[in-house]
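Look for subunit A in each of the two complexes below; its partner is subunit B in the first and subunit C in the second.
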Partner chain A sequence: MNEKLHSFHLAILIYLIQTGVTLFVLPAELAQNFGTNGWVAVIIGAALVYINIFLIGAVYRLGRGKSFFAIIEDGMPPMLSYTLYLLLTVLWSLIGCITAKQYIMVYQIITFQHTPGSLLKLGYDVLIYTLVIKGIYNIAKASTFIFSITVFLALLFFYFITDIELARYTPFLFKDGDGLLIGIFKTYIAFLGFELSILFFPYINKESKFFTSLIIGNLITTVVYVYTCLIIFGVFGYEYLKELIFPLLDFLSIIRLPIIERLENLLYALFALKVLITSVMFYWAATESAKRIFRNKSDKTLSFILIAFSYFISLIPDSLEQVRNWLDFLTRWEIGVTLFLPVICIILILLRSKGRKHADGKNC
Partner chain B sequence: MGFFRKRYKKALLTKENQETQESVSLENTINQFRECSDLVHNALPELQVEYLYIENLVNEQKVKEYLVEPFDTIKFPDVSLILTEKRYKKTADSRSLYKGILNGEAAIFFKDEAYLVNLFGPETRPVNESGTETVITGPHESFNESAGQNISLLRRRIKSSHLKVYKVSVGKVTLTDVYLLYLENVANKDFVEKVKQRVESVETDGIFESTMLVQMIEENPYSFFPQFLTTERPDTASSKILEGKIVGITDGSPSAFIAPTSFFEFFNSPEDYYQRWAVATALRILRYSAFFITVFFTAFYVAVITFHYEMIPRTLLSTLLESRSRVPFPPLIEALVMEFTIELLREAGARLPTKIGQTIGIVGGIVIGQSAVQAGFTSNILIIAVAISAIASFVIPNYIMSASIRLVRFGLIILAGIWGNYGIILGIGLVLVHLSGMTNLGSSYLIPIAPISTADMKDILIRAPFSKLKTRPYQAQTRNPYRQKKK
Partner chain C sequence: MGKIAKVIFVPILCCLIAGCTDMRILEDQGMIQAISYDMATKDKGSDIALIKVTAAIPLIQKDNLQKIIESTATSSKDARIEFSSQTDLELVNGQLRTVLFGKNIAKQGVINHFDTILRDPTIGLRSNIIIVNGNAAKMLAENYQEQEPTYEFLDRLIEKQVDENIIPDIDIFQFMRDVKDDGIDPVAPQFIQRKNHIDTDGVALFRGERYVTKIDASKGTLFSILNKKMINNGQLNFDWPASQQGDAEFAALDINNSRRHINVYSSPGSNQFTVDISIKVKGSITEYIGTKNLDNKKYRDGLGEKMAESLEKQTQELVIFTQKHSVDSIGIGKYVRNSISYNEWKNLDWRKVYPAIQVHCSAEVEIRDYGLIH
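Then we have the complex of A and B:
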């Protein structure tokens, strides 16, 4: 365990866990829920995430770098902690799996209508497994490489600069939307993934600048979301956006280069690498959690079991609508987890330090 | 099975010990080298001296100077006086005596004592131009098969007493000398120790090439990719020593290996440093583009033609359709057959003498280029794609890396034929996962991208002006990171 996560890798990792297929649907959801200038809501979502990040930062500081599992096991009875681990293992492995399933199903709609999705998913799961078993440090290395490949996609958006019409932004804010509250909830979901950073404590040191890296990682996601949504709102306008399911795909399909056009297929395929990091990190977190229950099993075995188990579960939803419902359900639980884990950790740390002070006082 | 293996090992060890315990005597030595027709045995009865050496390993001049002349002119009592000279080394160990003879020394027997004198000096290939790493500007010398000669080429370039040369013998039968060169005040001590330890721990009957040795000491033996940079050029090897890396020279091999190495170093050419920085940077970008073309071009062609016709602009579509209309095979088979043929031509061209190699190129070019298209066996566009991929693969300066990349390309073509763009991306993912897990002496194979090292980017992705290249590479973990005076 000599290798520690570098602050740059940590920021990139956070960004890559957060972004995925969400980017393809986010502009449409913003338009539906917020109406005019819905892209501004991304900033509200990001601000809420920062509150959560502060909580995780507080756990790191109060616990003096003590691992999440150690905090839980020191303060909770074993039965309770094992139940929590079991819940987290199931939840995280299902999120990792259904995220990948969602990606595959969208790809199936674009290109492989007649290829069994289960087969495509199996190929993807093999890739996931090979990366999960490499451990967090190598996942971070792979994510840096993936970042360097995908960051250039942002440059492609300059293709649309001339298509932006300022009138499409309208002078109104959040008019003609279906519901602010549900909109904020959905925008917050688009940022999920950062909460896994609570498991990073044993893999970081002072040089990792944990808190700053989390903030920068979330900032990159915010900038990417705002930048993408801003351009798409400017090109399509909010009314048209409401009618679309995957606006980013329609957006990319407009690109025509001299020797190639309809780039959405290739670019969406490239997104497989981004989604890979999201899925891999959720599986990694699930494996870490499962390791606390089944201590004598190796990481490889646990990851294999989790991926295989969730693969079979992923065969149940057989339409994109069902997959979205599953994801909605799982992400609701995940929102609970993002709030619950840091709060419970802080409480346990405070109780323990209070108990220690009390014991010290008695000894005196 | 384990029991028998243990007994066999024990028997071998006992045999080895017996060899060591053998007393140093002329009879034993002659017996050891029985049926070796190249063993010269001379006796000078009046001096009570007998000597043995292997005639193909010695230099005639040295034989005359150290054996014939000294013993020709003296009388019996003076023999012991001559043998006190420094070059005659007394030995009481039969194993070192046999090893000495095999290393080109003469064994001199006088009374009951044995002495060794170094006569080594077989004919070696002169220093020539490198066949695989040619440059237009810059030195043209390359290593040859003599380790001594190769070390002298490095010593002539680095005139520093800090340049250390550590010798290890590898191979139980071949006893090949491997020399590890490094700058004591710059190289990372842990890395030096690791390389020494790994080379010393190689247990095999023999090695003949540096590229063979590195496969025995690397951390990922099942990987497609080379993990140690190898070079035939003394200027490259010296520059790596200055960077704080360790260079290994194997006797009998014209290539030196360098450790630690990153993936990106395989795309650098020594000429990058002899050209102007802007030209060198452009060349590096060209090489990385060549890498992408080699890996993806044919695979992408297969993916587009099989699954994603919508990606082809209308103006190009008619040309493509026309070109493919007579081809009876699916794009995947068509591409694999063509890539296979190109590999056949390349391999045939590489193995045959230059003149016949050219003929193969012309015959291959005409047969494949013209006839295959006319026969409706393949399409024009695919020939262009395959040819461009093949040419691009030769732009990569390191032949071993280029060969590995060509192999990976086949995997991507197959995946593209099965799942189109998705297959290609899955393939990239697998390669990426594999590369990110690879290490060289414990340091990442993907430095300077992962982990990130912005200072190294200036000499990996581009070649910045020398005034900006002040530090040694991060990967070398050197004790002395600055190579230029800090301002």
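Then we have the complex of A and C:
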């Protein structure tokens, strides 16, 4: 427990939890929901996320670094807190699982079309398990390594600089879109993952610069999203984007380098690592939560049970659309959790300090 | 197992195991390199229009370098099913380089035939699209080079012509993007089969997804100058017949770079637009046939001005040609769209307005050098 998360690791970890398969669909969703210059909406989404990050930062400051579970257990009756933990365990392990499933299913569109998805998912889950049991510090270190090998992707996009035509952006903002509200909702979903940072309190100290790291982590995600969507809008044009499901896949497929082309096959495989961190962190969070209910069980056993349990559940949705519907449903709940957890924590802390003051006043 | 052995062994094992499933044995694959679509002749008494689809796959035989499989069906999907029954190879699309459309089928619209191509994730969006003035299947089936299959020859021909800006560089992705964009009409290179060779026929112009007309190959570079913001290669030929002003002259200009700017002027509330297209070309004289001595500065300057004048006239004619056929192949619509409000653009029937707008082309020619002689 001596080791604490470094601020650099923390920022990278936040970025990697947030990004994943979403980046492949985000430009198309922006074009469908916002229409012209939909990429600007990423900034709106990021701004909303910052409000949420402020709430988490407030919990950390008000609670003076007290762990999330301690805050809940101090202020809530045990039955209520156990119910909340159960809900969080199920939700987080399912999000970790279905995110991985979505990745595998998209992967099957380009390669291994005829291999059973369940087999691929099983292999992926083994990978998830081996990383989850290593604990948060090692996950953070692995994510720094993964970041260093995936970040060069952004440089590849310079290939398109000559393909971008300013006239294609149009001077109109958010015209010809299907719905701003649903669009903002979906853009917000693209940033999900940062909320797990509420569980990091016991693993950080002052040098971790928790709040700054969160802001930087989310900033990296915002920059990567804006940069990618900006280029994709300039190359494809919003009208064509509306027709595509995975524009980033198409985008990568049109890169033609002197010695290699059809890079999407290679690069999508690299995204396995990004999605791995997302899944691993959700499982880690689920394990942390489950640990509070089953205190006598080891981390390894709990992670194993959760991964195995959710693996069988992941066999139920068997088309990409079903997986998407499941994810839609789960992320709706997750948005609720993202808002609810910091708010309830702040209320509990305030109530408790008020109660203490009251008690102190009485004692005087 | 030692740590190092693990580090080496595990990745190797992963790579090898990946090959155990979804096996693709190279010798068993029929890699479609080119695919063509034509209108087939209708059956007597039938109203259903049939299409003829052919595919070229590589063959390693002494006298034949490509195998052509063809099928006639109601849709491209049906045709593909029939394909597989004609060969013992497993047909795969990952290597598809060129999609050919016969002019007749292109006139009916090409989007339907793209469905399979766009849906198939193995097909790269960088596959070329070309229009064949005549029978595409026939052109693809013939051999033109002794040691090179037609699909490969065609691929190299397209690449070379694109490099020289004689034809536009159009792949599936660019074509589809322009079909979807309401401010531009797509174009595609057009080829024709001659007796012993394939020839560039020009630039095919589309109205939406339908083929309308073509620009002659001799004006291909001129079209590239108008269509692209900037080009860095190509050749322009200027021919001045003898007249009262002087003797006949001919000059060839090797383009170093050419830039195009489009400005739109509109009067608010009306559909009256004036478009200024200004072109700046910088190049080297590679050929001059005439009586003037280019040693003389006055004649040299005069030649640049004459070229600019001729360029203005030719580009103006090209724009008028597109207006006459109501095809905005240059993409002026994108600039008009960006000069007005969203509602104005949506209420504007650009297809109807385009032929009537005033377009004015102006050109500047800067001659970098005159070669090694005066």
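As a convention for this text, the second predicted complex is superposed on the first by the 364 of 364 C-alpha atoms of A that agree within 3 Å, B and C clash if a C-alpha of one lies under 4 Å from a C-alpha of the other, contacts with A are read in each partner's own complex, and residues count from 1 in each chain.
The working rule: contacts are C-beta pairs under 8 Å (C-beta built on N, C-alpha and C of every residue); 3 or more make two chains touch, one makes a residue touch a chain.
Keep in mind the model is a prediction, meaning the values are calculated, not measured.
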{"item": "Three-chain arrangement built on subunit A, subunit B and subunit C clash or fit", "value": "clash"}
{"item": "Partner chain(s) touched by A:Ile259 [first = subunit B, second = subunit C, both, neither]", "value": "first"}
{"item": "Which superposed partner A:Leu270 touches (first subunit B, second subunit C, both, neither)", "value": "first"}
{"item": "Subunit B versus subunit C as contact partner of A:Phe145, first or second or both or neither", "value": "first"}
{"item": "Contacts of A:His6 with subunit B and subunit C, given as first, second, both or neither", "value": "first"}
{"item": "Partner chain(s) touched by A:Phe282 [first = subunit B, second = subunit C, both, neither]", "value": "neither"}
{"item": "Touching partner for A:Phe112 - first (subunit B), second (subunit C), both, neither", "value": "both"}
{"item": "Which of subunit B and subunit C A:Leu131 touches, first, second, both or neither", "value": "first"}
{"item": "Touching partner for A:Glu165 - first (subunit B), second (subunit C), both, neither", "value": "second"}
{"item": "Superposition clash, subunit B versus subunit C, among 115-123, 385-393, 403-411 or 439-447", "value": "403-411"}
{"item": "Touching both subunit B and subunit C, residues of subunit A", "value": "111-112, 115, 256, 261-262"}
{"item": "In the complex with subunit A, residue positions of subunit B that touch it", "value": "307-308, 310-313, 316, 419-426, 428-430, 432-437, 444, 446, 449-452"}
{"item": "Touching residues on subunit A, where the partner in the complex is subunit C", "value": "36, 109-115, 119, 165, 167-168, 170-172, 175-176, 236-237, 239-240, 242-243, 249-250, 253-254, 256, 261-262"}
{"item": "Partner subunit A, residues of subunit C touching it in the complex", "value": "21-22, 94, 121-122, 124-126, 171, 173, 176-177, 180-183, 229, 331, 334-335, 337-338, 342"}
{"item": "Subunit B-touching residues of subunit A, taken from the complex the two chains share", "value": "6, 8-9, 107, 111-112, 115, 120, 123-124, 127, 130-131, 134, 138-142, 144-146, 148, 256, 258-263, 265-266, 269-270, 272-273, 276"}
